[in-house]
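Below, each structure is written out as structure tokens.
Two complexes are shown next, each including subunit A; its partner changes from subunit B in the first to subunit C in the second.
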Partner chain A sequence: MRTTVNKPRSHMISLEHEAPSDLRHYYAQMLLLRRFEERTSEMYVKAKIGGYCHLNLGEEATIVGLNAALTPDDYVFTNYREHGYILARGADPKRVMAELFGKETGVSGGRGGSMHLFDAERHFMGGYAIVGGQVPLAVGAAYALKYQGRPGVVIAQMGDATTNIGAFYESLNLAKLWQLPVIFFIVNNGYGMGTAVERGSSEPNLAKKGASFRIHGERVDGTDVIAVRDAVRRLRQKAEQDHEPAILDVVSFRFRGHSVIDADRYRDAGAVRRGREKFDPITSFATRLLDQQIADQAFLDTTAQQIDAEVQAAIDFATTSPDPQAADLYTFMYATPVANTPAADDALRAVRINRGEE
Partner chain B sequence: MSILTYRQALNRTLGQELARDEQVVLMGEEIGLFQGSYRITEGLLDQFGPRRVVDTPIAEEGFVGVAIGAAMLGMRPVVEIMTINFMLVAIDQVVNHASKIHYMFGGQARVPMVIRTPSGGTGQLAATHSQSFENWFAYCPGLKVVAPANPYDARGLLRAAIRDDDPVIFIESLALYDTKGEVPDDDYVIPIGKAEVKRHGRDVTVISYSRMTAVALQVAQQLDAEGISVEVVDLRSLRPLDRPTIIESVKRTNHAVVIAEDWYSYGVTAEIAATIQEEAFDYLDAPVKRVAGLEVPLPYAKDLSAAAKPSAHSLVHAIRSILK
Partner chain C sequence: MELPPDLLHQAHYWMRLTRALDDRGTFLHKQSKIVGGYFSQIGHEAISVGAALALGPDDVAAPMHRDLGAYLVRGITPQRILAQYLGRVDGVSHGRDGNIHGMGDLNYGIVGFISHLPASLPVMVGMAHAFVLKGEARVAMGFYGDGGSSQGLSHEALNWAATFRLPVVFICENNQYAYSTPVVRQMYVDNIADRALGYGMPGAVVDGNDLSAVYHVTRTAVERARNGEGPTLIECKTMRMRGHAIHDNMAYVPPTLLEEWAQRDPILRLEAHMQERGLLDDAALSDLLARIEAELDAAQAFAEQSPYPDPTTLTDGVYA
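Moving on to the complex of A and B:
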């Protein structure tokens, strides 16, 4: 069980200065993420979804809080646990679910899958499945923003365990050396697969890991949507205006195993059950909304119904969407066509043989 | 038309591309103030300033990743990696990221970047500094890999690489930097993915690229005096590989020798030999002969080091052995 999370304090903070419509929107977004992931898990078990599939359950406030602080100019690079980020950014749940189903209508044309979602229009710059790989890319995007004199910042999202890989440190150094508008957003769900933070990192306070790079770091309660939003807003402003990179260590509780197929045997089942109750960002937020009379039970109920319908529509869309076609196997190989690359008829011929049709 | 060294051709082309397109930047270790480990970027910092010619710390994985990320936002970074040996430190970014991003995200993002790096060994640089790894990158779909053999090709292929919207690995050679050749002054571009027959001949086709093409041309001239007519196919691009040009030549000469500096097993020569076997088997009058590096960590000692590399001698030997 985690001892590092200083829980409920921030939940006492009054919401009276908040616009009620914003708060209700955060609630609805968090619930969309929750229901989307629960149904995704169900679809995985039904073998509608293949490969590795990592869920954001328990991280809803982290994601919605982050997104609430961003502008359309900003860019987001994430790891493979990213369904929630692209949804929060505004991608159509239908096309996200279609990608998980491997369909042509998916956000990556069925070529990426759960770990490789992308939405250029919404500046969601990809889920990346090699631990740490997205971090230098995000720093590069920040480099381009600065070079091109454009507004905005870049979010380099990663997990707690990703702070142990070399690419992270090279990225910190370059970001500070070149003063780039990037925030290293660490989703600290306590574990990298089966390895607890303390078992993998000699410095378990991840906000400190930028110290020798002169990068400011903070820790925030990742189960409090408002706290996350406010922390990102502050760091975002410094990043955009002063080109000052920062680390944000965003602490939450991983509700399930590492991926859908992980039975989570290395954690104590009772502690996990209690953790899910104690650190549920949605039920705690609902309680706050009700207590402070920002929403009533009827709002919560209708929102749940609407979201259930929306997610069901996404599943229906994914189910009826077409598969990518064999003739398009090579379609996205190169952006600039050159001689001696295989074409549609080569794909068709090879695929027919591989399928035993010839 | 000017007579330029390979180094000058690269240097001037980089300058012209920097002047042509503001989104082009150069990045790498010691390319600015130090003027480049091999002086390829000499004078460019003075001319274009530190915004366009960026000295990086020793962090190949980091700055190659930065270049990819910047390319995704529309920049056109040209990265120098001091030698290809150091590419291994950045290989995750090249193979798992640069090469995948366009395809894996359904064509939504492009990675218009170039990584320039010299490959191969000269001057007793020993085991860690003499390797040829272009086959590692040529193996990977999504990358383009080019390897010019003379100043003319260096200029034309570098222009093509910088203007291409995909990641291009641009293979140079320390031993070629001082070689000279005629280079037109106009804005020509050499297409990526096409080989060139650098010398026409009747008796045997030698397939090569980069420095080994220079060796092959020298051997061709030498054997001409003996009445052996050698055709030299210079690959120019390793990926995409111009199989039709190789096959068409072998069908005419009925003999093929493949030469490359990399190690023999699993190397470039194996790929070419396999292609010929598949597509021109019936035209061969002798088995395809391969000439490649001997399989050791290259020793330092002068004579032994040179003796472990393919040479004009080994190429002549190979040609004679299949024409017998």
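Moving on to the complex of A and C:
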């Protein structure tokens, strides 16, 4: 087995030429993502959230850096680990938490849950539960942008292991062949569920996987918000202006198991603990802000308080929101009327009969 | 690199037999004796024969519909193949299939062709993985085309084979057209073999109409695989000289392209090479062709006398 250094390699960029208000905004956004996910984990344990749930802990700089480089014209397609992306895109944390709770007030009307967040207005085109399922859709959206002569690019976000899926390969081929404005944004946290990158991919340097299609690839430290932002900006410009697709391999460290129910036994517990400290994008960014006197401790404290209150308000909103009505079972299922769709009453009656209640 | 005379004579016989059998299939289809589709492989003889000759007796291969030569080299006889085409009980699938699909026979290391391309590749990767787990020094050879190379399944197969260093030889027959889609409208790269880079495996581009070149490159890859050095991707460049299947008049192919490739016919090239080396003359060639025609006459007579399958056996062979 070849061993590769699949850990973030930070080469911290100077903050000298940055607008302090931007930097403080990035910090606040990253902290929102962190606290939102920590409370989500807590709500899951309290059984307020059901089903699958995947957290973005440790990926805050990756997400905020990406978002900082995008414009409102751009579209984002992600996998199922997407809470942070929709928040960074500007969705109301209340409606996101309500969706995790399965409530009517959620961004998908309570029908989607953790893996199916959606916000068309903000061009957040959804979390997709099938590994790799979002990638061809993103390429299709990029085709539409080019075909309709509209500005903007499409972000096809995915995990490291998705690059071993056939749909990824087909998407790369068509993106280059048709010269589409799409960036393949690989969140490389070192593990595809329990499989280390080099145990699932014959080429562990994922930025190189575009070579077979003449697609340019780069690797960036996913724990450095500025590095991620600058890399996306550069590739975004080439994608939009020259219709050159690209791969960005964004390396970060997964703080916990694959999902909330994964005990993470395949990783050395000590190494994980040390990794959390070493690769924490928020504490390292806070240190830089303090060192360069862009923020003081009072700012950090106030921000933390505000965010804690904001996340608590989201939880309160989700808790008090109504469940979807049974009569709405088929609402939102089809965009246009479809013949022979059963009425909600009939479907519910079938459920009761199955349960022996009728 | 020059191949030894006996190997050239063998290859020459198989290539001529392949083409004559292919032509015979076309005639039988035109006589409505073969029903359904019929796939010609004219132009692919050097690839299927050269690659199959590079395998050892215990190795396995999953040839496609353009690899009639590989079936023959591995030991499936013209009698059984013609009986197969005619849907008779002596066909390879005992009359269950009337086509080159369903000509698998594991006694000869042939995995039956799966029409979905490149669905055979994961099967070969799986067999190669089994060989490794069992400690057997055997090699699996998977065939696919330029069209199949655009499918995600080929990515998954290549990645798996490379990650686990499996004894697989991938033969990609780039015949310029995936049905009616030319290669330039399918991919942005010049060579499919360049994709090997993305998997950390060696890739080779070979002139698919040059028997010696195909044999040499394939043989090297087979030995590499057998020595535990992992898979190889070989792209054989050739031209499909007929339509996708017999119904296809391939009006989408520029006639000049066909004329150009006709100059590089793999059989005529091999014969010119053998004549140059004094291994073949006109009389010997006439003898060989006559011998092959007689062999095929006998095979056809056998096939036409073979009965259709008994309807009461309808469900035999459906499940293992």
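Following the convention adopted for this analysis, the second predicted complex is superposed on the first by the 329 of 358 C-alpha atoms of A that agree within 3 Å, B and C clash if a C-alpha of one lies under 4 Å from a C-alpha of the other, contacts with A are read in each partner's own complex, and residues count from 1 in each chain.
Note that a contact is a pair of C-beta atoms (placed from the backbone, for glycine too) under 8 Å apart; a residue touches a chain by one contact, two chains touch by 3 or more.
Since we're looking at a predicted model, the values are computed, not measured.
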{"item": "Partner chain(s) touched by A:212 [first = subunit B, second = subunit C, both, neither]", "value": "second"}
{"item": "Partner chain(s) touched by A:177 [first = subunit B, second = subunit C, both, neither]", "value": "both"}
{"item": "Touched partner set for A:200, first subunit B, second subunit C, both or neither", "value": "second"}
{"item": "Subunit B versus subunit C as contact partner of A:166, first or second or both or neither", "value": "both"}
{"item": "Superposition-derived comparison: subunit B or subunit C, residues of subunit A touched", "value": "B"}
{"item": "First, second, both or neither for A:257, with subunit B first and subunit C second", "value": "neither"}
{"item": "First (subunit B), second (subunit C), both or neither touched by A:84", "value": "neither"}
{"item": "First, second, both or neither for A:275, with subunit B first and subunit C second", "value": "neither"}
{"item": "First, second, both or neither for A:152, with subunit B first and subunit C second", "value": "neither"}
{"item": "Residues of subunit A that lie at the interface with subunit B and also at the interface with subunit C", "value": "166-167, 170, 173, 177"}
{"item": "Complex contacts: residues of subunit C adjacent to subunit A", "value": "150-156, 158-159, 161-163, 185-189, 194-195, 197-201"}
{"item": "In the complex, subunit A residues that touch subunit C", "value": "164-170, 173, 176-177, 199-203, 208-214"}
{"item": "For the subunit B and subunit A complex, residues of the former touching the latter", "value": "25, 51, 56-57, 59, 61-75, 92-93, 96-97, 101-112, 141-142, 144, 164-166, 191-194, 237, 240-244"}
{"item": "Sites on subunit A touched by subunit B in the complex", "value": "75, 77, 106-112, 116, 118-120, 125-126, 128, 130, 133, 135-145, 147-148, 166-167, 170-171, 173-174, 177, 331-336, 338-341"}
